[in-house]
Each structure stands twice: as structure tokens, then as C-alpha cells.
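Chain lettering (A, B, C, D and E) follows the sequence in which the chains are written, and residue indices restart at 1 in each chain.
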Amino acid sequence: MALALDTPDGGSGTAATASAVRLDHVSKSFGRPGRQQLVLDDISLDVAPGEFVTLIGASGCGKSTLLNLVAGLDAASAGTITVPGGRPALMFQEHALFPWLTAGRNIELALRLRGLPKAERRPEAERLLSLVRLQGSYDKRVHELSGGMRQRVALARALAQDSRLLLMDEPFAALDAITRDVLHEELTRIWSETGVSVLFVTHNVREAVRLAQRVILLSSRPGRVVHEWQVAIDQPRRIEDAEVSALSVAITERLREEIRRHGQQ
Amino acid sequence: GYGSDSEDDGADDAPSSSESAEGPSLSADEVTIGYFANITHAPAVIGLQEGDGLIRQELGGTEIGTQIFNAGPSAIEALNAGEVDVTFIGPNPAINGWAQSGGESLRIVAGAASGGASLVVNPETVSSIDDLAGARIATPQLGNTQDVALLNYLSEEGYEVDPESGEGDVSVLRIANSEIPAAFDGGDIDGAWVPEPTAANLVSRGAETLLDEGELWENGQYVVTHVIAAQGFLEEHPDVVEAIVRGLVRTNAWIGENPEEAKTSFNAALAELPGGSELPADVLDPAFDHVEFLNDPLASTLQVGAENAVNAGLLEETDLSGIYDLSILNGVLAEEGQPEVDDAGLGVED
Amino acid sequence: MASSDLTTTPPSSPSSDLAGLEAGLDALETPTAPDHEPGRVWRVLLTKVVPPIVAIALVLIVWQLVYLAEVQPHYLLPGPADVWGEVNEMWREGTLLEYIWTSTSRGILGFLVAVAVGTPLGLLVARVKLVRAAIGPILTGLQSLPSIAWVPAAIIWFGLTNGTIYAVVLLGAVPSIANGIVAGVDQIPPLYLRAGRMLGARGFTSVRHVLLPAALPGYLAGLKQGWAFSWRSLMAAELIVHSPDLGTGLGQLMENYRTLQNMSGVLATIILILIVGVAIDLLIFSPLERRVLRGRGLLARAS
Amino acid sequence: MASSDLTTTPPSSPSSDLAGLEAGLDALETPTAPDHEPGRVWRVLLTKVVPPIVAIALVLIVWQLVYLAEVQPHYLLPGPADVWGEVNEMWREGTLLEYIWTSTSRGILGFLVAVAVGTPLGLLVARVKLVRAAIGPILTGLQSLPSIAWVPAAIIWFGLTNGTIYAVVLLGAVPSIANGIVAGVDQIPPLYLRAGRMLGARGFTSVRHVLLPAALPGYLAGLKQGWAFSWRSLMAAELIVHSPDLGTGLGQLMENYRTLQNMSGVLATIILILIVGVAIDLLIFSPLERRVLRGRGLLARAS
Amino acid sequence: MALALDTPDGGSGTAATASAVRLDHVSKSFGRPGRQQLVLDDISLDVAPGEFVTLIGASGCGKSTLLNLVAGLDAASAGTITVPGGRPALMFQEHALFPWLTAGRNIELALRLRGLPKAERRPEAERLLSLVRLQGSYDKRVHELSGGMRQRVALARALAQDSRLLLMDEPFAALDAITRDVLHEELTRIWSETGVSVLFVTHNVREAVRLAQRVILLSSRPGRVVHEWQVAIDQPRRIEDAEVSALSVAITERLREEIRRHGQQ
């Protein structure tokens, strides 16, 4: 049975004495003064250390913007963002691999900047590549990789940073169902073994439920937290599980409602 | 306010065109004359002045284009290209132009100036000829008149110098005239064999004249500027050349009679150039006195200069016969009641 | 647990001498605080107008100090006042603007013709393999030929006219502009070319709608270098071709001052040339560049 | 229904005169047939070696014809044989290589120093807004100052030494190289900078691992232009400063030939300068460029 | 009930007298001679005029490569490809929008190159934008669009070409479930109204079944056609339909098998 624990709009239930990420009334608008567009509106959000949170919402609702704010790549227009654990690892929606390096070197650069001694880098890069099922692609240039392969190299690079907080923007969008399943497995394993906190954006509601402890739904224009679900299904879960399906259907229904409501405005 | 000191108040702005309509028309509608804006070209600077320049007056209805050069090669290039018909120039570019074209491009039709070059040195490092060993002496250009004179002088004094590179007992540096004062001030050179007004300029900065080139020549006279015409132009428009030569002869005569006015006039013409300014008296006076303006091209000194250049290895053996055509000049001189000049056997054979 | 507030805490950097530089290098990467405040005009003034003025003031002060200390005799290194006097004189004589205009108009006209010639040439070299193999390296060779080398030939062909000046300017600028567009085209991500092709862009349509806009940032950089080449070639050409009928440009002016050993004049001309160069950059290239980069999201903007 | 076989049919183009050009412009976009065939070496020869040789041969033939037709007197436009004779004489005299080497070594050394100075300068201008506002436009202004303008000042500071020559070369090349890297940095997609930042690249690490490699294609284009500037400035400097201690370079050589009105010599020097320029491009810039572009998938490759 | 009609490996059953796309024993390898990698191996495939075919396969199996070959952007190493209907429209896996144009202008460029008169372009572009639910984004620059918005503009641009053959490379990968549903609807409508042929790559097996008349499964390294399903479910379908689910499960199973087999090699 899906043990979904609905909480009302906004704010997380847990006390915020120690959080991996904390957003306090954060807003963000784009554009020149005068012609501004409000994208995120008064978002408050807590991710507890070791928590796995997924963000869902319609296309263009501000999920990537939110991750950028948390990553410190953009400044919020209002509110404060606190990330106590130091620099998070961000996996961009576009792969953002460096085209002047090979797949393996991209990962090694992350290892190097993290401070790993030279001798350990190559084996570690190979290990990460095989983790994402790309053993043997070490020497491939970025333009020689397929879309899904690039995404996996980017995943390996993000993992190479060994951060306490992992921000992932639709990391599995370009992967086939099977590879995705495998990587779900790996990600869950890494998460439970290392206790890293994860903020994960996806369009695949089943994926969200499959992975997360908590699913957050954003509305569009402007993005607001409209709903949260605690996912109390035991790990190991599988994406085909009936409980996952059931909760997914409920979430999808709410998402549809949200979009419909927006269309009527 | 802008232009408040402007000299032309519009009215007399187009004198050349209105003036050209006045006089009798010569065989050519238009003639382009080249010269340098410096002292050894003073007859051109003065004679081609807007308004009352004597050369202008002689040319009457023929429109005059002027072209100011800053180095001999450009002048010869322009002459070869037919862009300049007559130009004032130093002896060596004329010889080179003659030699390279196999005697086809130009002829010397008159003299303009003599003298004006000297070896000036820093008295602290070079006090006599014997001190020249190891010294660094500048000339304005490889193979130009002063360069050849220096090399020739040094070899006569027993110094060995490789003419092309300038290496040897004395280092010969080729530095543009305009940079020589700075090089002298910076202590980069111990002296220079240069024409006026650079020589006077160096003297005003503490240099001393070690040798006046005139001392090496008979009568102290040697050609430093003469007038050449493109052969084609000379054949087609002898009357125009004649007018120029007549103007030159009269200008030289005027300078000889009115040296102070000539200086003023020259300085004024200089100041009228874009960016021009009058030369200070301590440069202008000695420089002007050091140059002699005369109609005789001093053909024999050209011959000697060419031989020196050949000896120095800066010129291939060249036959200069035919480089002079002084018939026009001698005709004009006869008219003016002055003695004829000699072409040292290098004249055109008819 | 150390809490670093990302909105306010600057990135921690080593407290070495290099810290300032490092911080500077990070500047663009660090998100800037949004500026809705009314102080915006002041901010622009502060960041755009004050720094160059300070820079210029600093140079002037150092210059004046060196002058006063008489490191070099005054006739070799005149002071700002002397140079200003020289400029002022040209102003009063009413010749200043003529000099500037003569050179600037020649420079701009020559540059425009060079663009018109260099752009198609560059496109051909960039896109047609045979042409590239045949003349690509020769272009670079030509680019490194000094302008003076062309003068004798140009005089033979064009005489002592503006034609010679323009010929020398073109021969200097065309290879540079062509090389600029070659570089720009080479850097186009193939995806855009492919996308253009799928949309049906062929031949000139493709050049107009895909190739040129895609190569624009690199092309602009090439144009800037090409302008510098035009201008320098112009200066060289003006030294040689100097006839009163053609008007006097800054190149001749400088040469005359040099001949007359008038250092104040030389410096005044240098400053005039600098001002023209800076003005061209500020009025033409900088705004163009900013527009192009901003349109493509390559410029970090405030807010 | 007309069936167009995409593998073999070329894109249909209008049968106008422009058809050839259009086809050429499409060349890179059209997929090339894979070449596994053994004829590959020949193909490379045909496409890489033959075109420049044909181009050069054409130029030589036209030149010889113009010479024979005596469009200009021979002393103004010597034929290829005369020029060859001049080169040959330098060769026999053993001075040829010295001339080339003197200039080339000066050019390369000056260029390297200019790179070492211009690169950090350009990075600062590109990345630090204050510096950019203060000296960005001045850089472009400096770039357009003719080399000759620096000669008097350089002589005053450095005397008649190689120092003066290098100073002139640097003042010519540094702004160009700095502007090149500024343009290169401006064109970096912000995504890479952000990615680098997320990976923890700061300050010099960021410059070394992200900024420089990302800006490399534009930077290389700037270096090429910078080389042209160095070389031309060198020629200008060599014209002015000619002292026996310093050795004779191509610039002096050309000036000497001009003085002597030796057109064959002038042309021979021009050709030598061209050859050096082409060689530098073929040996240094082209391979570098090709490597950089190929590594990033910006070069269409056969197969 | 899912009326799936399994046909054995390779070759299509229909006679190829007239096809929208025809591949005859096509192979493709990348890399320098000597170090070549075979990506597509002896692919034969027919798309009938007006047919909707989806391609599925593991990440990196050569789907995008195949589309590029059909589009004429790359040359096959062996075999022939015939596309009788003229230039197809290709929607790239990366959005491939021109960053120097606004969203609307990107679409207008396609319209202009197709030959639409100037006056009609703007209204048509607006129509296409609202078709992909982006009314009001006409003036946005590419970098101001979210990932999913870019993908939708690219879709609108591809539709603007009005080609007889539409090649689509994971066009809906970055869209939320609801927007995706809406666009499925639109695409099906356009397809049935205009009779365009579609070759559609996706990782979402349900999406493949939802849209296609025929689903083709490619194997990896090298890519070969290993299986085909005729989807005989009546339109209108919905992605949640039981028949769609059932066939999807079967296809996913076969995909998993294929990947497993590959892993064992």
C-alpha cells in the first residue's frame, strides 16, 4: 500500500535545526526592471541532511531556476538560501560536459578539483564510468557520444565531486527504461550508503516516487510549492511496483489539476 | 574658438587655380613637382610658395601639383610611376634610379644646393679623428650621400668597415634623421654624419663639428640637392622644364641677395606645413649658412660620389654618361647673363 | 557546522596577494545582486564612466610627475601642458578637425571596402576546401606583409592619389577581416549548420541566415582587428603619399612633427590617434559586441 | 514520384553562374563519401598539396606574362627570373638564412613575450568589469596606433638595442593578443563557466581548466592576428633601427633595396617575408587550429 | 486487448513500391580507418507514406545516427537510403534552436525558408507557438527558455517546415507528463489530418505505443533491427490505456532481454 502522507501547502514538517538546504521565502524574477517576470514566488523549503527530495512541476515552472539558486549560480531576488554543507554538486539539465576533454578527462577534472591525488584519478574515473555503464568510453570526445551517453557521463562527473548535496536536473531524461532502472538502483545505493542529500528534478512522476522520500509539486507562473507528498514506501522499490504506481497516479492527477487551474487563470 | 587663428579667411583660399589662369599656357596643362621639406631643398620650398613663388610665376598657366616626400626612394618611385614629373632630390637616389633603370628613367637638369653635411660628434667621447676607433657613428640611410661620404672618409683614414652591415673599426649605424637626436641624447651614438638641419640640431644639443664635409672637396662645394626630370616629360615638355629651371635660377639668385628674407620665407613655409613649426634660430642660422644654393649641379662631385659608392660596394659599376642634360640650364643661364656650367662629360650626347 | 550563506558570503579565497586578482577573475561567475534600486544610474556611472576617467587621470598624473622630475630632458619628454598647447594651437588654427576627419574618413571608407571584399573572400576560404588549401595560408602570409611593401606597387598602379592610400589600406585589412570570418565560421557548432540545412537553407540563404549570424561573435572580433589593420596601414600610406591636394591626415602630421623634432607635436598626434581609436571602439565596436553577446545570452547581466 | 537518392545526388542548385559558388558554400554541409579506399594518400595530395601549387604556378605564369608584355618597364616590374636571381645571390653569399633568421627569431621571441604579457592582461580585461571599463577601449585604441609612433619613445627608453625593437613589437602585438583573448572569453557559453564553478574551479584553477580551454578557438584566432601584428611591427622597427650589433633583418633588407631602387631585391624580400608568414601559418597555426577544432568536433572530417 | 502482431527480425512486411523512407542494407561506422566502430549494421527498413513508426533501443544504440542518415546529414558507409518525398523535417535530440533569434523568429525562419509569404509568417508562427502551448513566448530568446520550452519551440519549428516526412529524436523527453499528453494529442491529430509520415525516436515505450502504428526495436553495438511490433490499437488511444500498457510491458521485456543479452556478450 502506498503510505502517502499529504501535508498542506508550503513549509516542511521537520524542524529546521539542521538542514542540508534551507530556502526562506525565496523569490526570483528575470528581466529588466519594469519588464520583470516573476518565476519563483515565496518558496520556503527544507531538505534534511540525508534526505532525498524530488521536485516536479510543469515545463517552465522554475525547477531549474530553483536548482541554480541553491547551487549559488544565480542570486535570489528576495529571501535567503542557506546551504551549510559547502558547495553542492549540480548536474545540469543540458549535459554541460567540456567539449575539449574526453569523457574520462571530464570526470578526472572533477576529481582533480576535488583534490584527489593524481594516481587515484584514472582508476576512479574508470570506476565511475562503469558505474554509469560506460566502461570503454573513456577516450571518447563529447561530440562522439550519444545523447544518453552524455547524460551518463555528466552523472558520473557529478558523482565524482563527492559532495554532501546532490542537485540533479532531469538526469535520466535521455535514457532508455532499462538503463534508467539500473541507474535508479545505483543512485539509491549510493544515497543510502553515503547519506548524501539529494534534490532531484524530474518529469517522470514514477521516477520521482521510485526514488524520493518526499515529492514536492511546484505550480507554474509563478512557481510556488503547492503540494508535498511523503513517500513511505519501503526501499528497495521498483518502478513497476503497485504502490509506486498508485501514488504516481495520484500525483499526476494533482499535477493535471494544477495545470488546468493555471490554464483557466 | 575653433579656427580663430586660421590664416586663410576663405577669400584667398583658391589662389593656385585663379592664378594659373593668368599666365601664358605652356605645352603641358599640369606639372607635378616633388621636393622635401628641409633646408637643402630650400629653393623648392621658397620658389614654390603659394602666391609669389618664383617657380610658380615662371610656370604661368600650367597648373602645379606638389608632392612632399620624406625620403629619396619614394620620390624615385613616384617619378618612375609617372606621378611626379620633376623633383628635387639628393645625388645618390638619382644615381640609383639611373643605374637601376639602365639610364632610362631620369635626367639631372639643374643643381640646387651644395654643402650642408658634416660629421658632428659628442666631444666627451670623441675629441679628434683618432678617437673614432670603436665609436658609433650614425648616417641617415644605407648608401645615401652622407653614408657613402662617411664610409669613404673612414677608409681613407685607415678604418675598416663592412659597408653593408656597418661593422668594423667604427660602427656605422643607419638611423633615420628624425631619430638621430634622440639616439644622440640617449648616448647610443657618439656622432653622426648628417645633413642640415640635423647637424645644427645636434650641435645645439652639445655636439661639436669634427669635420665639415666641404673640407674634403675642392672649393668646398659638392652636390647635395639637384633637380631631375623624368626623361619622357623632358622630351615632351622641355618648355615646362625650362620654366622650372628659370624659376629655380631666379630663386637662387634671390636667396643669394636676400639671405635674411630667405630664412624668414623658408621658416614661414615650413610653419605652414601641417604640424610644421619654425626652426629655432640656433638651428636655422648655422644650418642655412652652411648650405650654398647654386645652379651648378657640380657634376664632377657626383662622379666622385658614385665612384666612392662603388668602392664602398654600395653601388655596382655604373656608366653615368647621359645622366645630365644641362642644355636647358645653360640656355637659361646665358639669358640671365651667368656663366655656363659643366657636365663633367656626363651629358647627353645628341 | 560552518554555515555559508550563498547570497551574501563571497567565495572564500586564499588570503595571498593574488586574492584580489582571483576574486576579480571570479567576478563574472559570481551572481550579482539584482539592482532594482533607484541608484541604478549612479551605479552605471560608477562602473562605466568613473574607471576610464580614473585610468586617464592616473596616466596624466604619472606623466606630469615624470615630467617634473625631468627624467628625460623636456624637449624629449614634454609635459601634458606642452602637448595640450599643441592640440590647442591646431584647434585655434582650425586645422585639428580637418586632420582628424581626413584620416578618419579615409580609414572608415577603406575599412568598409575591406569588409565588403574580405567577407565574401573569407567565406569562400572557410567553406570551400579547395580555396582554403590554395590560398588559406597565403592570406596569413599577406597579413604579415608590412604595408610599406605595397607602396611602390601601389604608386605604380594608382599614382599619388587616394587610390594608393586605399590600396594599401585594403591590402592590410582584407586578409585580417577574411581571417576573422574564417575563424568565426570554423567555430560554428556543426549542429547549427545541420539545423539550417534541415530547414532548407542553401547557398546564399544559408550564408545569410545561418553562417553569418552564427559566426558573428568571431567575425566581430575579426572586424575589430581588421579595423586596427586598416588604421595602421592608413598611417603608413599617409606617410608616403603626401600631396596638399589630398588633404593632410594624422599620419602625415606625425611624420612632419617627427621630422621637425617636435616631440610635443608627436605626442599630441599620438593622443589624437588614440582618441580616434578609442572613439571608434566605444561608438561602434563595443555597442555592437554587447548587442550580439547579450542577444545570445553570452553576457552576464545585472538582474 | 521523383526519387532522390541522398547518398549520391548532389543538392539541386540553380544553373546560374552562381551555381558553382553555391555548391562550394554547401561543400562542408554535404556529407562526404567515406574514404576507406587505398587511394587516400592520393586524395590528400590532390586536395592539400596540389591547390596551393597550382595557385602559386598561376601567379608565376601571370607575372611572367605581364613581364614579357612589358606592361611596365623591366626595372619597375622585374620578372620572376630576376627576382630568383636576387634570392639566389643572397643564398650564394650565405646571407639569406641570416636575414631570415634574424627577423624570424626576433619575431617569434617578441611574439612569445607578447603572448605572455597579453594573455593575463586580456584575461583581466575580460573578467574584471572595472578593468574592462577602465582600459578595454584603450586597448583597441593602442592597437590602432601605428608602430612608428612608438619608435621615438622606444629609442629614448631603450636606446639603439634590440630592446627598442622588442618594445615596438610588444606594443603592437600585446593589445591584439589581449583583444583576442577578450573576444574568446566573451564567446564562452556561460554554461561552461557555471559547470566549472560547480566543479569547484576558482581563480587560477578556473582560468587554467575552464576559461582558457573554453576560449581557445577564439584565442587562437587572436594569436594569429597578434602574430601578424608582431611581424609587421617588427618590420617597421627594423626599418628605423639599424645598427651593426643587431644584425640585419628582412625589414632592413627591404629598406636597403628600396634605397638602391633595386626592384628585384624589393620583390625578393617581399617574397621572403611572405614565405616566412606562410610557413609560420602552415607549421604552427594551421596544425594547432586543426587540432583544437577537431578535438571539439568542430571540423567535418572525411569518414 | 493489445493486438500486437509480432514479425520476425528485420525487413518490413509491406511491399516497397512506394515508401516514404527506404533503407536498404544500410551500415554506418565512425572513426578513422583501422580504428572504426560499427554503429549501424545492415539495417533494412521501410516507412510507408503516412505511416507512424517509432524506433526504440538502448541508449547509444544508433537511433540518432539512423535519423541523421535518413535526413541526409551523414553518409552511410554502405547501403542506400531513399527518401522520395524531398527534404524531411528533423527535430534534433538537442533542441538546435538558433541562439541569435527569438523563439518566434526561429519558427519564422523555417516558414521563410519553406517559402511562406512574409505577411503570413507571423500569424503562422504564433499559431504554432500556441499549438505547443507557448503563446506569449514569441519574443523570448533561446537562453531565456526552460529546457522543455526549448524542446517545444523546436517541435514548432519542425512542424513549420510542413514536410512530408517528420523525423523526431526524443521530442518530448524534457516535458512533464501533462504537457506531453497534450502534445501527443496534437501530434496524432496533425498526423492523421495531413497524412505525414513520421519516424519517431523515444525512450518511453508507452509513448511509442501510444503514438505509433509500428514499433521497431534496435539492438546495441552494432545497431540492428531485432524486432517489430504492429500496434493495432484503435486511435484515439491514451497513454494510460490497458492495451497500451500491456504492449508496453511486452516491449520493455523484450528490450530488457536485448540489453541483457548484450551485457553477456
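One rule holds in what follows: contacts are C-beta pairs under 8 Å (C-beta built on N, C-alpha and C of every residue); 3 or more make two chains touch, one makes a residue touch a chain.
Everything numeric here is computed off the predicted structure, so don't read it as measured data.
> Quick one: name the chains whose C-beta contact count is the highest of any pair.
Comparing chain pairs, contacts are most numerous for C-D.
> Computing the C-alpha centre of each chain, which chain sits at the greatest distance from chain A?
Between chain A and every other chain, the largest centroid distance is to B.
> I'd like to verify one number: the distance from the centre of chain A to the centre of chain E, where each centre is the average of its C-alpha atoms, in whole angstrom.
Going by mean C-alpha positions, chain A sits 27 Å from chain E.
> Could you work out how far the Cα centre of chain D sits from that of chain E, in whole Å?
Centres of chain D and chain E (C-alpha means) sit 45 Å apart.
> Counting in whole Å, what is the centre-to-centre distance of chain B and chain D, each centre being its mean C-alpha position?
Here chain B and chain D have centroids separated by 41 Å.
> Could you pull out the residues of chain C that touch at least 2 other chains?
72, 76, 152, 156, 194, 196-197, 239, 254, 258, 269, 297
> Which parts of chain B, given as residue numbers and ranges, touch two or more other chains?
If we look for residues of chain B contacting two or more partner chains, we find 77, 80-81, 178, 182, 185.
> Which positions in chain E touch two or more other chains at once?
Residues 30, 73, 94, 144.
> Which positions of chain B touch chain C when the two form their complex?
Answer in residue numbers: 1-7, 32, 37-38, 65-70, 74, 77-78, 80-84, 177-178, 181-182, 185, 201, 270, 273-277, 279.
> Please give the residue numbers of chain D that touch chain A in the complex, ascending.
For chain D paired with chain A, touching residues are 191-192, 194-201, 205, 209-210, 213-214, 216, 292, 295-297.
> Mind listing the chain E positions that touch chain A in their complex?
These residues of chain E touch chain A: 30, 56-60, 62-64, 93-94, 144-149, 152, 169-170, 173-180, 203-205, 252, 255-256, 259.
> In their complex, what parts of chain B are in touch with chain D?
72-73, 76-77, 80-81, 93, 96-97, 99-102, 104-105, 136, 141-144, 162, 164-168, 171-176, 178-179, 182-183, 185-189, 314-315
> Which residues of chain D touch chain B once you look at their complex with the stated criterion?
73, 75-76, 151-152, 155-156, 159-161, 239-245, 247-248, 252, 255-256, 258-263
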